[in-house]
Amino acid sequence: MPLSDTTPLLEIRGLSVTIPTPEGDVHAVRAVDLEIGRGDIHGLIGESGSGKTMTGMAMLGLVPKGSRIGAGRFHFDGQDLRQQAGRLRGRRIGMISQDPAAALNPVLSIRRQIDDVLRTHRDLPRAARRAEALALLAATGLPDPEKVLRSYPHQLSGGMQQRVVIAQALATGADFLIADEPTTALDVSVAMQVLALLRRLVAERNLTVLMITHDMDVIAEACDRVTVLYAGRSVETGPVEEVLNRPAHRYTRALLGALPDAVPRGARLAVVEGSFDDPDPEGAA
Amino acid sequence: MSRLVHRLGWPGTLALFCVLGFVAVGILAPWIAPWPAQGAGAPNVAAKLTPPSADYWLGTDHLGRDMLSRLIYATRISLSNGMLIVAFSLLIGLPVGLAAGYFGGWVDEALMRVTDVFLAFPALLLAVLMAAALGPGFLNSVIAVSVTWWPWYARLARAEGLVLRGQPYVEAARLAGVSHPRIILRHILPATARPLTVQAALDVGPALLTAAALSFLGLGVLPPTADWGQMVDAGRKFFPDRWWYSAMPGVTIFIVALSFSVLGDALRDRRKGAARASV
Amino acid sequence: MTGSPLLEVTDLLIRYRAGLFAPRPKPAVNGASFRLERGTTLGIVGESGSGKTSLLRAILRLLPVESGAIRLEGRDWLALHGRALRRARQGIGVVSQNPFLSLSPRLTVAEILAEPMLAAGHRPGPQIRDRIAALLSDCGLPAAFLDRRARELSGGQAQRVAIARALALEPRLLVLDEPTSALDVSVQAQILNLLSDLRERHELSMLFVTHNLKVVAHVADSLLVMRRGDVVEFGPTEQVVHAPAQPYTRELLSFGVHSRTARKEPS
């Protein structure tokens, strides 16, 4: 891939998502710039109301009905997501959601759920599909894939369920994964394993990941680059070590100062201005 | 008006007006019945079994009484029958169910086993047995049906109590030292009001049908007082030649039962809508 | 203040009842012992299934104990029942994880804050109203919030109301169950700041239960780490953080520090 290695996989300029409601328009996303290089794990960090989830949803073409998407540029691998999001979703763009228990159907076996995906996206005979499913589960680090294949979601722990969801996302053949708070529902020790798994899969399979999170630890643990969102705008972007150690924007600085391990024990934590009542969008920049 | 339609939808709004209309008819019976005396039971033998006509819009019964007037007077009995059954059932079922759900343990066991005994009998059979034992009459038929009805409210209230008991805000009240009766009155009861009103609205129709069934079997109100079930029964002897006699009260029962059911559905859907909007 | 600690838990064993003939399950809390000195904060840390919540609920007497002892201010806490327990429990303020679930959706903030006082036998009237307003401002909210309902509050505001309610009866012990886990980082910072203010002002002792070791390491004087029902670590915060006895504790502490320390020097 001589050309594609230099051009970013995802290129967004000035993305806005406006959702009409009976009480008037909600500007969920105001001005987001995002550029994600191939093979990167790119973090998108923000607090509630920052528009991080809606940004991901716009890429998947899953914005609420009637929403208006505005953008100077909204391209995935050269294709305009405004028209192509629905077609790319599930083919090249996969999704890993926060709650694996909700993402899996409780009454179907894991075998059925992975097989359904494989049957939709890959033209393989039955036996080959089974082999592929086993290979995918093994790739996500699940011990005894045979047994997992026979299991139902409730028989698996949260960490195992999330691995199954990742395997399912891989089964589509997608090369770009949007992970929305993939570890928020998991214990810290399990979260670390899942993030390590994602890093390994990205390296092994030439994937690109957009990691949406509110947790600076997840960014620090797993991401190469990070974009900070505040009130629907991207306020800062850069390599993780750069942004975390030398934050340029005052919101990023405040956010880092608000982390309990950022200051000595018992010292006062930084207070992010304008976040108390609700974020004042205009006071953001 | 448009807000009402927005919240209940067209069918719900229509049903609400039907129900209100019937209630109004019941209350205003002496003033709106074309033949008030006949409605109350005075015979008019000269005009017996007249088909619908300009004088008697819905025809007359075997004693010549105007069907429309009789139906209008019967609305009082039948509607209050249905509503009283639901009210009595709530009065018994709600405290029993809330106590069982909230306290759990042996209180729950004891109360719900008693409830199960009542549920073990087919409802109509139990109502018929009760009515036969108590003898016919308005109040007796209400009691007879209520006896079969309250266990359902007890179960519903128990389920709500069980869920609410574990709610953090109820636990917070307990930890703050609030007494059990106060918690039930202040936190549990208001939260059950919504689902229970929906169920109650849905139930007036079936309750009224059951009461009508008792009347049909001669276990309800006694003539000359009219009630729809009794009228259907009386008209049965003249069916199909004098079809209007049975058909008019039958159609009325159908419309009222349907109205309550549609209204209940609309109330439930409104509840869901409200829940969604608040999340 | 010397003498007996505020809270002393000894060899506490909690086991959930299985069926009558089912084999006895592994205890949810397997012999926990610790002391909470007056005016200090103890952090109880653990992941799901660690037993931290069971331990907390047993201390609040919401869960029966199989064996062991709990002494609160020197008194046998497990011996209290009924009315005596209800009254004694008013000496403990509780704040739980999700403020929107722990505040009644139907009541106003004023009613919510009045509830513990009325339950304790205070007469309704202007004094209560004044006291409530003072509580609220103590927790950083203006009196204008008194007539709002929970759904009209932001997460941080609702948690402030929950804290105000917990303080309504001037408790000696404040029990916090994941008080910031449902909040944004910036709001969490405000709540943690508020808690340290309140602690100083009211000379509170606190039991801070959470899955987030970093949060609790910031506020606690001593730490207790639980795993699968066992207490695997108990000691002064400095000691636990800088020289953890267990690799497990070290792992929890390492989350997210890669970039901020190891990556500090451009590689």
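Read from first to last, the chains carry the letters A, B and C; within each, the first residue is number 1.
FYI, contacts are C-beta pairs under 8 Å (C-beta built on N, C-alpha and C of every residue); 3 or more make two chains touch, one makes a residue touch a chain.
The model shown is predicted, which means the values in this text are computed figures rather than measured ones.
Engineer: With chain centres set to the mean of the C-alpha atoms, which chain is at the far end from chain A?
Structural biologist: B
Engineer: Two chains share more C-beta contact pairs than any other pair here; which two are they?
Structural biologist: Top-ranked chain pair by contacting C-beta pairs: A-C.
Engineer: Give, as an integer number of Å, the spacing between the C-alpha centres of chain B and chain A.
Structural biologist: 53
Engineer: Using mean C-alpha positions as chain centres, tell me how far chain A is from chain C in Å, no decimals.
Structural biologist: Measuring from centre to centre gives 32 Å for this pair.
Engineer: Find the geometric centre of each of chain B and chain C from their Cα atoms only, then give the gap between the two centres in Å, rounded to an integer.
Structural biologist: Using C-alpha averages as centres, the distance is 49 Å.
Engineer: Taking the complex as given, what residues does chain C use to touch chain B?
Structural biologist: Those residues of chain C that touch chain B are 60, 62, 86-87, 89-90, 92, 94, 96-98, 101-107, 115-116, 118-120, 151, 162, 165, 168-169.
Engineer: Flag every residue of chain C that touches chain A in the complex, lowest number first.
Structural biologist: My answer: residues 47-48, 154-157, 184-190, 192-193, 196, 211-215, 217-219, 237-238, 248, 251-252, 254-260, 263-264, 266.
Engineer: What part of chain B is in contact with chain C in the complex they form?
Structural biologist: 167-169, 171-173, 175-179, 182, 186-187, 190-191, 278
Engineer: Taking the complex as given, what residues does chain A use to touch chain C?
Structural biologist: 47-48, 158, 187-192, 214-221, 240-241, 244-245, 254-255, 257-261, 263, 265-266, 268-272, 275-278
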